[in-house]
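Below: the structure, in C-alpha cells.
Read from first to last, the chains carry the letters A, B, C, D and E; within each, the first residue is number 1.
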Amino acid sequence: MDLATIIGILGGFGLVIVAMASGGGLTWFLDGPSAMIVLGGTLGAVLINYPISDVLGVIKVAKNVFRGKTQQTGTVINQLVEMSRISRREGLIALQNMISRTKDPFLTKAINLVVDGVDPIHVSEILETELDFIGERHRLGAEIFTTMGNFAPAMGLIGTLIGLVQMLKQMSSPGTIGPAMAVALITTFYGVVLANLVFLPIAGKLKTRSSQELLLKQLIINGILSIQSGDNPRVLEQKLLSYIAPGERRSRFYRDSKDKATNG
Amino acid sequence: MDLATIIGILGGFGLVIVAMASGGGLTWFLDGPSAMIVLGGTLGAVLINYPISDVLGVIKVAKNVFRGKTQQTGTVINQLVEMSRISRREGLIALQNMISRTKDPFLTKAINLVVDGVDPIHVSEILETELDFIGERHRLGAEIFTTMGNFAPAMGLIGTLIGLVQMLKQMSSPGTIGPAMAVALITTFYGVVLANLVFLPIAGKLKTRSSQELLLKQLIINGILSIQSGDNPRVLEQKLLSYIAPGERRSRFYRDSKDKATNG
Amino acid sequence: MDLATIIGILGGFGLVIVAMASGGGLTWFLDGPSAMIVLGGTLGAVLINYPISDVLGVIKVAKNVFRGKTQQTGTVINQLVEMSRISRREGLIALQNMISRTKDPFLTKAINLVVDGVDPIHVSEILETELDFIGERHRLGAEIFTTMGNFAPAMGLIGTLIGLVQMLKQMSSPGTIGPAMAVALITTFYGVVLANLVFLPIAGKLKTRSSQELLLKQLIINGILSIQSGDNPRVLEQKLLSYIAPGERRSRFYRDSKDKATNG
Amino acid sequence: MDLATIIGILGGFGLVIVAMASGGGLTWFLDGPSAMIVLGGTLGAVLINYPISDVLGVIKVAKNVFRGKTQQTGTVINQLVEMSRISRREGLIALQNMISRTKDPFLTKAINLVVDGVDPIHVSEILETELDFIGERHRLGAEIFTTMGNFAPAMGLIGTLIGLVQMLKQMSSPGTIGPAMAVALITTFYGVVLANLVFLPIAGKLKTRSSQELLLKQLIINGILSIQSGDNPRVLEQKLLSYIAPGERRSRFYRDSKDKATNG
Amino acid sequence: MDLATIIGILGGFGLVIVAMASGGGLTWFLDGPSAMIVLGGTLGAVLINYPISDVLGVIKVAKNVFRGKTQQTGTVINQLVEMSRISRREGLIALQNMISRTKDPFLTKAINLVVDGVDPIHVSEILETELDFIGERHRLGAEIFTTMGNFAPAMGLIGTLIGLVQMLKQMSSPGTIGPAMAVALITTFYGVVLANLVFLPIAGKLKTRSSQELLLKQLIINGILSIQSGDNPRVLEQKLLSYIAPGERRSRFYRDSKDKATNG
C-alpha cells in the first residue's frame, strides 16, 4: 500500500471539504448537473481521443498508484551478482536453477534467453524491444490521465459559460444574480479540483513509477549481458551499484565499503 | 466502426445539450453570426496556415477516426513467421506466392523488394523512407486539427470582444446589459466546445492511430529484414512478439508459453 | 498564386468585418491610437528582439506565403532518374548538358560539384551545410512572425490596461463607463485579431513551405549522391518515389505500377 | 552561505510585506484557512504525485539552495594536472597517495578505480552511470519544486472559487461583497506568492546548482580517462581549462598566458 | 551601435508614453510602491533563482544587445582561405605570422594549437569544448532575461492582488472604487510592459546574437581542421561559403561566380 497517495488524497480533499463546510453549507457545493457535465464531458473527450481498450486499460494502470514499491533494486543486484558467480563457476546453463527463485517475469525471460543459448545481440535486441514497449504502455497510461487533467478545467469552463448565458438571459433583478452565478462557478470549481487533486497528480505518480520500473529493467538487461559476456562479478557489482543512491548501496565484496561517498 | 469515438461524441455533446436545455431554452444558445465567426474564422486561419491540398486532405484523414482497428498485429506476426519458415525451406523467391495472400500494401511492397533480389541495405532504406513519409502525412493531419483546436477559442474571444464593444458602446440602462452580454459570450462558448469536444480529441485520436500503424509497419520492416538475412523463425517470432502486450501473445512454437509473464 | 492564403485572409477578415458591422457601426472599431500602440509596440519589441537586417528580410520571406508551389517533386525525380541513366551510359561529365535544363539553383550547384569531380564526401558536406543554412534562414522568418504573434496580444493588453487606468481615474458617473471601456477593449481586440488572423497563420504557412522545400532539396542530395556512386536508375527511382505520396507516384519503369498501394 | 538566496528571499518578501502594510493593516492578509488550503492542498497534490521518500528527500535537497559553492573548478583542474604529472613519472599506482588529499568523493572513487587497474572502458561506464544517476536525483529535486510551483496557484484558485461561491450564495446587500471577496482573493494571493517567490525560484536554483556540479564531475571523468591513457599534462590542462570561463583560467604552464582571450 | 535595438526601445516606449499622456496625465501612471514591488520582486526572485555572480554577469552580457555586429563572416572566410594557401605552400608553421593579424581571440587560439603541432583530434576536442562553454555562458544570459520576463507579470499580479484586497476591505462608497482599482492595476501594467518591451525582447536578441557568434566559431573550427588536414583551398572556400547567405558570397576564385544562386 502506497501511504503517500492515501495521505495526499485524504489530506488534500479533507482540507478542501473543511474549507467548503466552514464558510457555509457543504450542500452549496453539491450540484448533480455540474458534476455530470464535467465528469461526463471529460470522459467523452477522452473516449474520442483514445481507443476504448486503452481507456479501459487505464483502470488497471491506476491501481498501481495505490500499490507500494514491490521490488527492491538491491535484491535484484544481489541476485545478478550471485548469478554472475554461478555462471563463472558452472557455466551459463547452471542459471536454469535460478529461474524458480526469481519473481520478476522480465528477469525470468532474460535468464531463459541466456540459458537457451540465444546470441547476445539477439538477447539485447529482444529485451530492449520488450523494455521499449513496456515503457510505451506506461507512457500511454500517464498520458491519458494528463489528457483528463487538461480537459476537466475546459469542461468546467463550458459548464460555467452555459450557466452564465442562462443567468444573463433571464436576469431581471440584481438580487438573483448571486446564487445563479454561484451555481455557474461550481462546474469550474469541479474541473479545477479534479484536474489538480486527481488527474494530474495521478499522471505524475504513474510517470515516477514507470521510470523506477524501467530503470530496474534496464539494470537487469545490463546485468544479464554482462553475465553472458563473462564479466568479473566484482566489476559487475560496481557497475550495478552505480544505478542506486550511495546510501542504499550494500556491497557483497567490500563490507566497510569505501564507496559510501559520492553524495550529491 | 470505432465505438469509443461514437460514444464519446454522443455522450459529450449529449451532456452539454442536456445542460443547455435544462436551465432554460436551447434556442438561447443558437446564434448564426456567432457560429459563422468561430467556424469561418478558424477555417480562414487554417487556410492561411496550410496549403489548400493539405486542408482538403484532412477530410479523408478524419474518416480514420471513426474506423475501427483494421489489422491485427498478431496476424501480421504469424504471416511473417510463416514467411520466415517458407524462405528457409524454399528460398526467398518462394515468398512470391505470399503476395496474393497479404492485404497490407506496405507488406506487399516489402515482399516485392525481397523477391526482386534488391540489396538488404536498399530494402531497408526504401522502406524506412516510405515509413517516414507515411508518418509525416499522419502527423500533418493531426497537426491541422491541433491548429484548429488552438484557433477556435481565439476566434471565440474575437467574437466576444466584438460583442462586448458593441454592448458597451450603446449601453443605456443596466437592464439591457444581461442579454447582450449573453450573446457576446456565446462565441467563446462555441470556440471552447469546438476545441475541446471536436478538434483536440480528434487530433489526439489521429496521433494514437498513427503510432499504432507506424508500429505495425516498423514490425514489418524488422521482420522482412530478418527474413532476408535468414534468421531462425523461432528467434524472429520472439523478436516480433516483444512488440505486443504479453496478454496478446500467441506463440506458434510454445503452446503453453513460459512467456506469459513480463507484465508492467 | 496561392489560393488558400487569399481565401483564408479574405474569408477570415470578411467574417470579422461582417460581425463588426452587423451589431452597430464599423467606425466603433476604428481607433487610431489603439492601432498605433498594438502595431508600433509589436514592431518595437521585434526590433529589440532581432537584428534590423533580419526584420527587413521578413518582408521578402512573407511574399512566399502568397506564391503558389513552384516546383513539382515528380519533375525533379524524373530529372534525377534521367541523369542517372545518362551518367551510367556516358559518364558523370555528360551531366554538364543537364545544367542548362535545370531551373533549381540548388540542383545546378549539385550537378556542378559532381561534374567538377569533387569527392562524394565533400559534395555531401557542402550540400548538407547549404541545406542547413537555407533551413536556418527559413526558420528565422517563421520565428519572427511567431514572435509578432506572441507580442501582439501583450501589446493589446498593455493598451487595455492604459485605457482602464484612465477610465477608472476619472470615473464620475456609471453612465460614462461603457464607452470608455469599449475603447479600452479595442486594443486587446486588435492584438488578438492580428495574432490569430495574420501573424500566427503566416508563421504556420512559412513552416509548411519551408519543410516542403527542404524535403525537395534533401531528395536532390540523396539523388545526386546515388548518381555519383553509380546506383541502378531503377533502384534510384524507387528510393526517390518513397519521398512522395503514393497517389502522386509515376514510374518511368513500371507503367501499371504495382506500387499503387501503401496508403496510410 | 549563499548570499544571493538570502538577499533574494529577504528583499522579495520584504517588499511584498511593505506593500501589504502600507495600504492598510498586515492582518488583512492573514487568514489561517486560506494558508491551510494552499499549503495543504499543494502538499497533498505533491504526495499523490511522488513517492513519500522522494518528497521527504526534498528537504535535504532544499538545504543546498542556501549553501555556497563548495568547490572551485580551478582547484580540481590543478589536482588533475598534478595527478597527470605524477602518474607519468611514477605510474598510475602512485595516485594512491592523492586519495587522502581529495575531498570530493566522486574524484576519490575515480582514483580508486584507476589505482585498482580497472579497464578504462569499465571506468568510463561506471563513472558515467554514477553521473547519470546523480543528475537524475538532482533533476527529481528540482522537478518536485516545479510541481509545487504549478500546483500552488491552482490551489489558490480552488480556495478563491470556494470563497466566491460562499459569498454569492449568501449575498444580500452589496455592502458585504467587498470584505468577503477580499478574503476569497487571499488564497489566490498566497498561491501566486508561494509559487513565484518560493517554489519556482528554488527549483531554478537547484537546476543551476545541479548543472554546475555535473559539469565538475564530467570534467573529473574526462581528466581521469585522460590520465589513464597517459596524455601529456599540458594537453590535459588545455582540455580542462576549456571548461571554465577565460577570466578564471590560471595555467600552471603558461604564466602570462596567451589564453587570456576567447571572451564571448 | 545596434540601431534596431535603439529604434525598438524608443519607438515602443514612445508609443506607450504617448498613449498614457493622451488620455489624461502621465502622472496617473507613476506610482513608486508599484514600481518597487515589480522591479524588486522580480530581482528578488531572480536572486533566489541564480547565483549572484551570474546575475551580476548579466549586466556585462546586456551591453552586447546595444553593440553592433563586430565581425564579418566574409572576412573570416577570406582569412581562412588565405591561411589554407599559405600552409599548403610553406607548411603549418608559417601560420604563426597570421596570429598578429587576427583580432578574434578564438581564431588566435585555434591557430596557436595548430602551430604548436597539437594532434587534430585534440585540437577539435579543445575547440569544441571551448565552443560548448561559450554557448553555455550565452545561454545563461538569455535565460536570466527570460526568467525576469516570466516573473515580472507574476509580480505585477501580486501587487494587483494586494491592491484589490486593500480596496475591497475598506470599500465604503462605490465612488472610491475607481481610483483605488486604477492604482491596483498599475503593478500589472508595469509587469506586462517590463516583460514585453524589455526583458523578453532582450532575451530574444541575446539568443540571436549568440547563435551568430557560435556559427562563426563553428566555421572557424571547420576551417582550421580542414587546413590542418591539408584540404584544397578551393574546396575549403566552397565549404565555408555554404555557411552564409548566397547574396553575401564573394569567392576569391570565381569572380563571376556561378554560385550566385541557391536562394530560398
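The working rule: contacts are C-beta pairs under 8 Å (C-beta built on N, C-alpha and C of every residue); 3 or more make two chains touch, one makes a residue touch a chain.
Just so we're clear, the structure is a prediction, and the values are computed from it rather than from any experiment.
*Asks:* Which chains are in contact with both chain A and chain E?
*Replies:* D
*Asks:* Between copies chain B and chain D, what's the superposition rotation on C-alpha atoms, in steps of 5 degrees?
*Replies:* The best-fit rotation has an angle of 145 degrees.
*Asks:* Could you give the separation in Å between the centres of chain B and chain E, each centre being the mean of its C-alpha atoms?
*Replies:* Whole-Å distance between the two chain centres: 40.
*Asks:* Distance-wise, how many Å sit between the C-alpha centres of chain C and chain E, to the nearest whole number?
*Replies:* That pair's centroid distance is 25 Å.
*Asks:* So if I start at chain A and go to chain B next, what's the full loop of chains?
*Replies:* Order of chains in the ring, chain A then chain B onward: A, B, C, E, D.
*Asks:* Can you list the residues on chain A that touch chain D in the complex?
*Replies:* Touch list, chain A to chain D: 2-5, 7-9, 11-13, 15-16, 18-20, 22-24, 28-29, 65, 69, 178-179, 181-182, 185-186, 188-189, 192-193, 195-197, 200-202, 204-205, 208, 235, 238-239, 242-246, 258-259, 261-264.
*Asks:* In their shared complex, at which residues does chain E touch chain D?
*Replies:* Residue positions touching the partner: 33, 36-37, 40-41, 43-52, 54-55, 105-106, 108-109, 112-113, 118, 122, 125-127, 129-130, 133-134, 137-138, 147, 151, 154-155, 157-159, 161-171, 213, 217.
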